[in-house]
Amino acid sequence: MIVVMKPDHTQEELRDLLARIEKMGLRTHVSKGERRTIIGVIGDRALIQEVPFTSFSGVEAAHPILQPYKLVSREFKEEDTVVRIGDHVELGGKAIPIIAGPCAVEGREVLDEIADALHGLGVPMLRGGAFKPRTSPYSFQGLGELALKYMSDVRERTGMPIVTEVMDPRDLLLVHKYADVLQIGTRNMQNFRLLTEVGQVDKPVILKRGMSATIKEFLMSAEYIVSHGNEKVILCERGIRTFESETRNTLDLSAVPLLKKLTHLPVIVDPSHALGRTDLIPAMSCAAVAAGADGLMLEVHVRPQEALSDGAQSLTPQAMADLLQKLEPVARAVGRSILRTDGDSTRNRSKAVGEEA
Amino acid sequence: MIVVMKPDHTQEELRDLLARIEKMGLRTHVSKGERRTIIGVIGDRALIQEVPFTSFSGVEAAHPILQPYKLVSREFKEEDTVVRIGDHVELGGKAIPIIAGPCAVEGREVLDEIADALHGLGVPMLRGGAFKPRTSPYSFQGLGELALKYMSDVRERTGMPIVTEVMDPRDLLLVHKYADVLQIGTRNMQNFRLLTEVGQVDKPVILKRGMSATIKEFLMSAEYIVSHGNEKVILCERGIRTFESETRNTLDLSAVPLLKKLTHLPVIVDPSHALGRTDLIPAMSCAAVAAGADGLMLEVHVRPQEALSDGAQSLTPQAMADLLQKLEPVARAVGRSILRTDGDSTRNRSKAVGEEA
Amino acid sequence: MIVVMKPDHTQEELRDLLARIEKMGLRTHVSKGERRTIIGVIGDRALIQEVPFTSFSGVEAAHPILQPYKLVSREFKEEDTVVRIGDHVELGGKAIPIIAGPCAVEGREVLDEIADALHGLGVPMLRGGAFKPRTSPYSFQGLGELALKYMSDVRERTGMPIVTEVMDPRDLLLVHKYADVLQIGTRNMQNFRLLTEVGQVDKPVILKRGMSATIKEFLMSAEYIVSHGNEKVILCERGIRTFESETRNTLDLSAVPLLKKLTHLPVIVDPSHALGRTDLIPAMSCAAVAAGADGLMLEVHVRPQEALSDGAQSLTPQAMADLLQKLEPVARAVGRSILRTDGDSTRNRSKAVGEEA
Amino acid sequence: MIVVMKPDHTQEELRDLLARIEKMGLRTHVSKGERRTIIGVIGDRALIQEVPFTSFSGVEAAHPILQPYKLVSREFKEEDTVVRIGDHVELGGKAIPIIAGPCAVEGREVLDEIADALHGLGVPMLRGGAFKPRTSPYSFQGLGELALKYMSDVRERTGMPIVTEVMDPRDLLLVHKYADVLQIGTRNMQNFRLLTEVGQVDKPVILKRGMSATIKEFLMSAEYIVSHGNEKVILCERGIRTFESETRNTLDLSAVPLLKKLTHLPVIVDPSHALGRTDLIPAMSCAAVAAGADGLMLEVHVRPQEALSDGAQSLTPQAMADLLQKLEPVARAVGRSILRTDGDSTRNRSKAVGEEA
């Protein structure tokens, strides 16, 4: 059972309710977000049904949800969640935004080149790693705050909202200062402390599926974020680990319609990390859109062969342009469109965005 | 190295060539198909290059192929293979045929109901199991020849070519007598004896990917068939086994563009077995077409809840009709179409097909 | 429900029983083995319980078994099955036999060398491939009957019972003529026709686990064999396919105690195919014995680097001798022993074995 | 190339060296541990070989290591690393310590009961979760510092060193204050920031293998810790995720001899989490010791059915006692022993330990 407290409930009301529930031998878990306090009530189902939750003062609603994930489930909320990003992008609606950029921000010039090319193509959002989770301690670990600054300068100039990964609760303030969207990487999908932290901020979060996470575990991790008060969660399928070695991972596209059925949250797909090679990206991007994806995340680099990481899976801007041509009719075929921004007007709008940040 | 003999080579020419190759310390493997004799030459690469294969009489061509699969590779043949099925269906061309029908043929009446519904929708091909590989010895194992007869009666009436599985070399003659397309099931993908046998007949073969087969192993199994003389092989992705349990298997759609790159053979997708549940089939069928599939294989039953096997994954005819509506714009978006037959004209054509069989 | 008929039941008794069961709306599956006829009764559980099976004449017993595997389950038979092989080997008892030999029989001389070395070490059983399931049609496919002859000559000389794979129902008579134990390879674990055939012969069968088979599927395949009348089934864990690539497969040793709990059949382990490299074989053989394995299957070759297949995982006779030294104290630690034969006495016994074959 | 600086090198020496390396177009990664500074030099192999590293002042050694993991590899250090824990336990030597205790510390009394039972059996180390990574935000998350206090009181009384998980860099100081051994859980194996942090403390670390981590990735994560200065890393195999669902995970025991070959670090096994059920634990614990494990980690609870987490896999003290009886002969069979402490003498020694903590 999920009990949602009214926004203006008092501490006393909460204390009374908890005391009453615990007196019945049930366990409670209180998630206090910035905006909402939620109580998970756990224990014998028959006992739970005896508690008249909604008759307590301070209680807004009580949801008897069978799934272990509650707030993210379609049972809890039927209509699709649409996440607003920056001033001009919506994710989860009819128009499908593409998030593109380099794996890691390697320097100001190369980032600018990439971003300008993408902006010229009307790609609405920029991704780029500032803090990079690298398998080896001897590999390039990212430029850190410098990368964040370069990215926010791009936003200033182009109006593109920026997406970047946060790896450590201790970096959250810093990343939050610059980014429009926080990304939780595949290796941190079950870093529950980090999930709890991003659950307490007011920016959208892209949560990548762990490379061997089940759909249920994936939704439970989203539940961590939402139960702490941040409802702007975007799920990202990015390939799972299997025995097949021709592709880096196996893109589990059926996760898209499955997630859309189980949750109201938007679902995007990252074919670059799933496949680890560019030649299959166009076909699988089209397939992702046909399967119902609400967005795509793609690695783009102006000189993939020089990239410090993930060059093998980075599209050139030209390949990105060709892909956009292919995606549009597929999006239309499933009743949607590919979100494209217009250079000029965006530049104007970018100021507003810049000021906000 | 793959040495292809001329169709009219003599036994003496073959003997001479083999003697010469083996004298050099190389090993040979001769595949004699009904129409083509092929010699695989294995051993030290430098030695192989010294042999002037094409100067031997009886030799048509010699192919130095690096991949372990030779005849099925794009290196060996650049253009797409298009497989002709019956008189009116082509698989591997622009128009995408759908192969639909029940998991198992359970009786004449229910088969007729299903087939008529599919025929009414313009679905060009009928699938149905006569010999069923069942995990339990106590489960329904198929009606055997009776099922084949019922299916060929449907073909007589509707003109739909029929696809059915062959599980045992000893059934091959029987199945061959009735079927238009032989299917090798996922559990038999590495039943090399069966592959060798279907390599020696003149009917198209749908080869399903083993549930834990790598792409390379899949192609090696196709190579078994082609190297024995039967070039009409259709590859079918049907899901691989992973840790995820929300779907029966994980549909590896990236196998489609990957296979299309590595081989000239057509590639189809079976979402029904991959997913094991109907709710995800529409989205994943659209995705398969967007990814470049040359055909779809779908389970359809008039009363799924009564099916003796695989009811949970069988579409109703109505769901199939809805799916066709969805598939057509997606096919157009990628420059293709969904192959639909017309009831009346097909009936006329069906006689011809019937006479042939 | 599993209904076991008396050995001397009449056709009439069977017909009557089936008619009665089917009249109730239940389905039946009759497995007629050489020695036993078994009826699987499937359908509504409440209905099944109403049928007074044991009061029908001709019925020996009726077993309401919840597991989908019936005859192989511990529920059906509590005590361990011990399989007698040849005149002198028992598998499933306290003494643990080792089955060793080359992957493929490559020629008489090399086989004799290997076998003599093994015999000298007291290894009680010889394995060797005559028909080889090879991923590539261009690879060495085995010497066929010639290999069987060489192996039976070894048995004549040494008394070692021989184990060899049968891949095709059509080879069964031939293999049966020479072999003491028939092996079903990993790729054929769900070749249900082949299972049905080996279920009808009177020789022990080693059934290898499919490389992505669940424990339940493994037991269902054993059930195919036993339900057709052959109770001498030996299960062999040989590694499952996972993402890990340092070893060829992942040896799932927990399958040993798990199977010993679920079934009365003996369980052996093949570390050679699981690991694909010799360096880990000693440790994992010790681990297998400690986990409760009833036997080990190991690849041994006198010159591994020259082996036509699987050289990388073949132990030398010296390594085999060292391994035996290590295994003995581990076997004793778990209350068992390693079965060793004595050269001289075995030679005498070998005649008897030879005459039988 | 790994360049190890002398303990007393100056900042100037380091700067000079880095400047020289970078001038050649090579990249460097400096890991400054408390006791050792290490430089990873990355780039063109030919270029690297030209640099006369050891002739620079301040450089102790330069290791051209081919594996991506350097400091943890057997190439780097041939002899086994033995980790000292508390005053009386060594892990990595002949005597095999067992680390046992509840999944989570649930309260003082139940912990005391468990610990006293274990201490009475001579189990040398206590495990218990204070901060619990739970899939659901509504599950019991651990008692936090309270649990750490209860555990350190146990140590005070019994002398048992305590092992507990750290999930968040921000908890490290707190956990470090109480624990003798820090545990990094499976979900944090690639939480590189956390690895970096525990690489900078002076306590042993048990690093659990990620549930879908390859052996190479596992070693790279250990390299993170060691390259930051903490050499006391203990690797723990705890099962990998596969398709098999009869066990919670698949215990990959071959990881034990494989790791022992590739690295000098000690390797322990956690059968409780791998199997998720108690019935297979005795057999697999014996197998782990036979495979060469340097330690075992086991969940023990006085009343498993009441445990707030992982009850299904917790042994009772009686089952633990029985297991010890089984393990001892297996350990002797492979030339080792099971480390047992003696109640009385340990109590005396515990004071020393208590004072230190």
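A, B, C and D label the chains in the order they appear, each numbered from 1.
The definition used in the following text is that contacts are C-beta pairs under 8 Å (C-beta built on N, C-alpha and C of every residue); 3 or more make two chains touch, one makes a residue touch a chain.
None of the values given here were measured: they were computed from a predicted structure.
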Pair from B-D, C-D or A-D with over half of its contact pairs in common with A-B: C-D
Type of subunit C:subunit D copy interface by residue overlap (half), same or different: same
Centroid-based (C-alpha) most distant chain relative to subunit B: D
Contact-richer chain pair (by C-beta pairs counted) among B-C and A-C: B-C
Rounded Å distance, subunit B centre to subunit C centre (Cα mean): 32
Intercentroid distance (Cα basis), subunit D paired with subunit C, Å: 40
Subunit A and subunit C: spacing of chain centres that average the CA atoms, whole Å: 51
Shared-contact residues (touching 2 or more other chains) in subunit B: 212, 241-243, 245
Of subunit B, residues touching subunit D in the complex: 241-243, 245
Parts of subunit A lying in touch with subunit B, wherever the complex brings them together: 212, 214-216, 240, 242-247, 250-254, 256-258, 261, 274-275, 279-280, 282-284, 286-292, 326, 329-330, 332-334
Touching residues on subunit D, where the partner in the complex is subunit A: 27, 29, 31, 40, 42, 68, 70, 133-141, 167-170, 187-188, 190-193, 196, 211-212, 217, 220, 223-224, 227-228, 241
